[in-house]
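Next, two complexes with chain A in common: one pairs it with chain B, the other with chain C.
Presenting the complex of A and B:
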C-alpha cells in the first residue's frame, strides 16, 4: 500500500488534506445537527461529572488536606484539562477510532485503503461529533480561571508553553487510542481495551503527585497519564521546568511516530474480513 | 432452539392434590428452564472470556482512588510513628482503606448490569421479536446472561485480588463466614437493584432510540454516591444522610463495608435494599407491559 507520509507531501498536498478535512467535518456537522437532544444529554453529563469531581475535591480540601502539595486552585487546573481532554475524546477520538473496529468486522476497511488518501488520516478525521465542544470550552475556561486564581501571570512564555503542552497531551492521547484501535486488525474483539484505557486515564483527574510512589511511576513511565494532565497544568501555572516541556514534546513525537509505524505494521498483516 | 414447552392443560376444577402436584410440576419445569437458560448462556459467555477479563480490568477505579485516599491517610512527617487510626483525619487507617476499596471493587464486579446495551442491540437488530414470541419473559434471558457472565468473571476477580494482596500483604484478612454469606446476599440484592434500574431504562428503548444516553446520566450519581470513589465515612453527615435516601450507597458501599468488617447497620440496610427492589420491580413490569403494547402497535 503506497501511503506517502505527511512529511513527504508538498504544500499542494497539505492544501488537499485541508480541503478534505473541511468536507469531512462539514458533512459530519450537518448530519449531527439532526440529533440536537444529544447536546442536552452531553451538557447534563458534563455538569454531573464536574459536580462529582468538585464534590470529591471539596471532601479532601474541606478538611484542610491537599492533593500531593497542590492547592485547590492548582488542582482545579488539572481537572479543567481533564475535562478538555474528555471533550476532545468525545468530539474526535471516540467517533472515529471507535468506528475502526466496525470497519474491520464488516470488511469496509478495504474501501478506505483503496482511497487515494492516507488511510490513517481518513480513519482519524472522517467524522466529528460536536457534542464534546461544551466540554472543551468548559474545561479550557476552568483551567484558565483556576490558573489565574492560583496566581499564574499570563505572559507569552506561559501561553506558548501551555498551548504546546496541551497540543502534546492531545497527540499522546490520540496515539494511545489509535494504537489500541489498530490492534483490532489482529484481534477483532479488543474494543474493550479502550474501556480499560478510559478507566486508567481517569487517574488524570488529579495531579500525579497525589499518588503513592509506585502508581506515580506507573502513570509516568508505563501509561503517560502525567503528560496528559499534570504537565500541561504545570505549564499553564507557569512552573513547568524546561526539562519536562522537552520530555513531553519528545513523548508526543515518539508516540505519534509509533502509532504510524504500528498502523503500517498492522496493514501488512491485514487480510480483509473474508479471508 | 426450543427451551420452553408449556403443557397448559384445559382449565377445570382441581382437587388439592392435583393443585400441589401441578405446583410441583411447575416448579420442576421452571427449574429446568432456568438450568437450560443458564447453561446455554454460560457456554456463550465462555466464548467471550477475553472480553470479560478486560471488563473486569476496566473496574480498576477503586484502586486508583485507593492511591489518592491512602496518601491522605499517611500521617504528615513529624507527627511520629502513629501509623494509626485517623492520622490524616479521615477516620480510616491504611489497612482499613485497602480492604474497603478492594471490597468495593469486588462488589462492583458482581453487581454490574449491562442489560440496557444488550437490550438496545437486540431491539435494533430485530432479535427481540422472536424472543417476544417465546412463552418466557425476555428479561429472564438477560438475568441468566448476567449471572453466567458473573461466573466467568470470578477467576479474573480472584486473580486481581491475589495480585492486590501480593502488593499489600498487610491488608490480607479472612472475613468471618457469616459476613461472607451476608455479603453474597447483599451483592446479589445490589445486582438486583442495578438490573431493575437498568431494565427500566432499557425498556424506554421501545419509545426512544437514545435510551442508553439516560444510562450514562444515571451512572454519574452512582459513581459519586455509591462509595466507589470515596468511602462514605468521609462524607459530611448531612451529605451522607442525603446519599442514603438514594439506592446508590447500598449498591457498593454497604456490601463493601460488610465484607471489609466495618460497623454497618446490617438489618436496616437490607431492609432498604428490599424496599428499593419492591419499588422498582412493579415499575419495571408495568413499563414492560406498556412497552410491549407499543412495540406490537408499531407492527413489528
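Presenting the complex of A and C:
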C-alpha cells in the first residue's frame, strides 16, 4: 500500500520516527507557550467537571444508595480513570484528531501525504497540548487514592495489569476517535462526530453496571466504553480476571488495526477523487 | 532518460449533479445523480532531467489535476505516469524523497512559529542529520535572501517572505523533481522576480527538473524554454515559447480612455473588442495593423489616454480557443 507500513521499519527507521516525534512535540510546546491563558481555562474547566461528578456521586451515596454494586471508593476509581482519559484526550487526541477535518477542508492533507512518513503517525502525533496534563495527574491521583481507600492491595502483578489495561483503554479511545475523524475524508464538512463521541464517553464516568442492561450491552459491545474505564478500574482494584485483561488487550489491538485499515480505505477514495 | 513520462494520462471526476433549492436537495438526497467530468483527457509528454517546463492553460484546464497525478496525490483514471522511475500514485518513500510539490495557495509552515521550527520538523521527517540540515538551510536561505525572517513567527511575515520560506521548506530534502503550482500567486512584481531568479539558480545548481504552472506569463518567459499548453483537458502545444507566442500573440492589446462614451459597435472596424465600458475600451489589434489602427483611432475619436501592451496570457489563450485556431 501507499504509506510505508510500521512493520517495514528497521532500527534506523524507528530512530527517524523518534526524532520526528521529538521535533513534533518540541514545536507544539513552543507554539502553545504563546497562549498561556489556556492553562488557566483548562484547569478551571477540569475542576468544574470533576466537582460536578463528585457532587453527583456524593448525592447518590449520601442517600445510602449504590451504583451497580460499587462502593463509593470503587466508583471514585472509575471517575479517576475517566478524568485521566479526558486528560489524554485534551493533551493528544483532540488537538491532533480534531485537526484532521481542517486539513481535509484546507487541502493541507496533501503535504502530509507527500512526506515519506506514515500519514497516520503524522496526523496522530503532530501536536501536543500540555494543558491536559494537570487532568492526567489529578485523574491518576484520584484513582490510586480511591483504590487504596477501597482496600486494594496492589502487588506488582496488579500494577502491571492496571497499567496494561490503562494503555489498552487509551488505544481503544484513540482508535475510535481516529476512525470517526477519518470519515471527514468523505463528509468533508465536519458533522462534529467528536462531540457525539465525547457525549457517549462521558458515560464512562460511572461504573458500567450502574446502567440498565440494554445500555450496558451497548457500552460493551458496540461502543467499548466498558473497556475504557470500568475494566481498568476493576484491574486496579484487583478484581479483574485474566480473561478480562486478555479481552481488553485484544479489543485494543483489533481497534488499532481496524483504524489503520479504515484510514487506508479512506485514503484510497481521497486520492482517487479529491480536487 | 526521461525523468517524467505521461502517457495518455486521463482523469475523470465523478461529481454530484444537484439542482439548486430545497426540491433539488431532496431529490438529490433520495436519488443521487452523478455526472462524469473529464478534467484531463489523454495527455502525453516526456520531460528530460534538468528541464524547466512551463505549464499553461486557463483556469480549470486541468493543470493542477495533472500536477497532482504526477506527484501521486491522485490516481489517474486512465493512462499512466512515471516520475523518477516510480509510479507516483504508489507514493513509495523513495519516490517521495525525490519530489516536491509547492502550491501557491496552500501552506505547510506552522502559523504560530518561526519557519525554522517547521524546517527542523521536515529535516527529521526526511531523516537529515543536524549538520546536513543546517548546511542546506544556510545555502537555501542565502539563495532566497532570507535571514532573520527564519526566526520570526510565520504569521508576522509578508506574503513574499512566507512564499520564500515555503520554498525553503519544500526544497530542504533536495528533490530532483519540482512541481510548482502557482508559486508566485499574489506576490508583488519584486517578490515574483526574486522567486523566479531563485528557481533559475536552483535549477542550475542542482540540475533539478521543474514543472511550473503560473498565471503570470513573465514567470514562464523568464524560466521555461519549453511550454506545455493544455486546454479543456487536452494538450494543445508542446514546444518552445517562441513558437507558442508567434501562434498566440500576433495581436496587441490597445486600451483607450475616451472623452465621450461610445457603444462597442463603434470599434468593430478597428479590431476585436475585448471590453467596452462606456469610456474605457479594450481592443485586440493585429500586430501589422497596429500603427495604422492607432493613427485612425487618434484621428477619429477624442482620446484622453491610449496604451498598447501585450495581452495577458489568459486573454490570448481565450482568444485562441474562441477562434478555434488550434485543434
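Heads up, the rule we're going with is that the second predicted complex is superposed on the first by the 268 of 275 C-alpha atoms of A that agree within 3 Å, B and C clash if a C-alpha of one lies under 4 Å from a C-alpha of the other, contacts with A are read in each partner's own complex, and residues count from 1 in each chain.
We adopt the following convention: contacts are C-beta pairs under 8 Å (C-beta built on N, C-alpha and C of every residue); 3 or more make two chains touch, one makes a residue touch a chain.
Model, not experiment: these values are computed from the prediction.
In the three-chain model built by superposing on chain A, chain B and chain C fit together without any clash. Once chain A of one complex is fitted onto chain A of the other, the partner contacts of A:212 are limited to chain B, with no touch recorded for chain C.
In the superposition on chain A, contact is made by A:106 with chain C only, not with chain B.
Of the two partner chains placed around the shared chain by superposition, chain C is the only one that A:27 touches, whereas chain B remains out of contact.
Contacts of A:19 after superposition on the shared chain: chain C is touched, whereas chain B is not.
Taking the Cα centre of chain A as vertex, the centres of chain B and chain C in the superposed model span 80°, given to the nearest 10. When both complexes are overlaid on chain A, the residue A:65 reaches chain B alone and has no touch with chain C. Of the two partner chains placed around the shared chain by superposition, chain C is the only one that A:114 touches, whereas chain B remains out of contact. Superposed on chain A, the gap between chain B and chain C at their nearest CA atoms measures out to 8 angstrom in whole units. On the side of chain B, the complex with chain A involves touching residues 48, 50-51, 54-55, 57-61, 64, 67-68, 70-72, 88-90, 167, 210, 213-214, 216-217, 220-221, 223-224, 229-230, 234-236.
Residues 2-4, 12, 16, 19-20, 22-24, 26-27, 30-31, 34, 106-108, 110-111, 113-117, 122, 271-275 of chain A are the ones touching chain C in the complex. Those residues of chain C that touch chain A in the shared complex are 13-14, 65, 68, 71-75, 77, 89-94, 96-97, 99-101, 103, 106-108, 110, 112-113, 117-118, 120-127. Against chain B, the residues of chain A that register as touching in their complex are 35, 37-38, 41, 44-45, 48-49, 52, 55-56, 59-60, 62-65, 67-68, 187, 189-190, 192-193, 195-196, 198-200, 202-203, 206, 210-212, 214-215.
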